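Would you mind keeping the following structure in view while I ask a few things?
Read from first to last, the chains carry the letters A, B and C; within each, the first residue is number 1.
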């Protein structure tokens, strides 16, 4: 009797392949694409208007619409569904009762949610920076902050999907209560919000002060990456201790 | 090959499995019990999907929850019907093969689907499959890694009678290869055909184990019911009662149905008695020697 | 041997009076409300409503607490918010939005997903009366956070002897609080229900409500403040339209208290905006329910 095993890379690719197909549907894609189009349209309207401070206006669109709404919520939809939906539906067992390590499954799930979220987040954010008349610094800043932010949100929300049953509701509460209201109450809550770091990256690039943005450019990039790593480690731990249906 | 030692599993206040122990070796073993008896929970604990509250479970001597390698030697067809709905059957089973680290996934998937009589070329996504087809896809996925231990949760539900017979043949064939096959069911007729080894579970407890004919014989405290077709059932009945051979009788136009504690005594007495009374006996049939009555007796006790 | 027999297992027919459609609507509304608030459900279903209600009542409780603890005349002071102003406090706005997004979908989506809707429609309830019951339930829940905080403030103020002069004035203020709260609840309930009618997944309904609430605000801000387009576009900001009900009902003058930029809209534009949102939402809801759930 031979005992087969699956390499970590194999497990990662396998999970990714399964989830990319399960996560994307035309309905979701169309709704989110329409939303992205609306954001870009607003950015374009802002860019087309006469303004005393075009860079500032462009930054506001990118920060409020892009990083305030599009990025966290799009990622929330896909990332909590990644392993969370499998767990709820009872299909997780097909990836769980296998001779595979846990962490590549979590990484593969993050990768799938990340790749699917990217066109609906990074694209509108960068395009709105472009069409709203922002400088090239803003465009690069949006690109870096978008990439880093989507990564961090993805890992955190994949973990959340493994942690609680109605992850979307808890994720929305985090986005609405913590990132939008509580983060404004002081340095500590701001440091505990991913929004603080994406804003720091933008501030670091364009040099315009934003609320919550109180760390440097390097920290703004590094901390979210560490958050993602931590969330993946916690997710793997959680996956191995899960009650699977 | 599968060892369950004093396993208890509770969810909050609800005890789903209570102090269950058994050993299962190669061959087909049926886990029989009514809905909600704890069969699926027991299977989940066996596969390591959820830890037991108390006790220990070993599959091939190891714990599937912590031992990664032993998971590759288990094939599980879970109770829930959900599959990856966007995939075709062939893709699904190929992915199952890949997730077991099997090199020739395409070939293996094809032969697993052949075993359950599904086509690998079907392009319909699994979301559009009927219950019986999903059931067979699950089975193919469970077989794809050539498992030593095969755990099948209600695998025959949703299948038509012909498929059912084929699947039972398949299980028996796999058992002949020395695999350990655990099949749960709440349908007695299925279990009677699956094989003679039975674990009866009721209200989370193990009610009985063993060969079901042997089980039947063990329960001598239980009256056996026998129907005797006779030319004068009324007279036969009165003599049976008179001589203390039957505890109770029910007389119809052509037969006597009697309950007795002493089957052997009845067997020895019936022919001489018929001759003595000049009654023609047309048949002697045990009417409760089927699994259903064994089952009902065990579960309702 | 035996003849067939069906045993009497003790089922009884109900011979009493039936409460009819009105009773059906009332009990549907009542039990939907219990479900939304997590009453009679496990503790984990109660966490969310309690968190939201605490958020909403935090400010009036702090005000009343301060007034009770310290002899200073805090209610007479400028510190005291106007009754309508409470609804503009970020925590209260957030509570209203959270309720609309997280619990309003609960009222509709579960019935469709579990196949309860056809069962309801087999009772004296019709599609219209079913929706009426759900609207009542959702508005009552939302009223907790739209009427509640202001009402608590009024009671606190009255208790400290700083309330409106005379029972007539008091009744007028209380009436305004109720009216304003009901109006706000209607706007948010309408939008929440309309969006929830579009998807069978509760999680997606929640996300969609948030996107409509937040998205409409952010898009309007971008267009009006960023692109400097017409101020009248503010009617597309559904959150501001909903919250603005309170100052309009209290007839707050401009410059009095904290008001948002939507205060500059003329009454007719504002009314068109509010009724537009409610009307379109109701139309969407009805269009969906006219077709689905048929057996």
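Methods note: a contact is a pair of C-beta atoms (placed from the backbone, for glycine too) under 8 Å apart; a residue touches a chain by one contact, two chains touch by 3 or more.
Owing to the predicted nature of the structure, the values given are computational and were not obtained by experimental measurement.
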{"item": "Chain whose average C-alpha position is farthest from subunit B's own", "value": "C"}
{"item": "Chain occupying the middle, per Cα centroid", "value": "A"}
{"item": "Distance between the centres, which are taken as Cα means, of subunit B and subunit A, whole angstrom", "value": "48"}
{"item": "Approximate Å spacing (C-alpha centroids) for the pair subunit B, subunit C", "value": "54"}
{"item": "Inter-chain centre distance, subunit A versus subunit C - centres from mean C-alpha coordinates, in Å", "value": "30"}
{"item": "Of all residues in subunit B, those that touch subunit A in their complex", "value": "44, 47-50, 64, 68-69, 71-74, 76, 78, 80, 82-87, 95-96, 98-102, 141, 145, 148"}
{"item": "Interface residues, subunit A side, partner subunit C - complex", "value": "31, 35, 38-39, 42-43, 45-51, 57, 60-61, 64-65, 68-69, 73, 76-77, 80, 132, 166-169, 172-173, 175-177, 180-181"}
{"item": "In the complex, subunit C residues that touch subunit A", "value": "48, 51, 55, 90-91, 94, 97-98, 101-102, 202-204, 206-208, 210-211, 214-215, 218-219, 221-223, 225-229"}
{"item": "Subunit B partner contacts - residues on subunit A that touch it in the complex", "value": "1, 3-7, 10-11, 14, 17-18, 21-22, 89-91, 93-101, 243-245"}
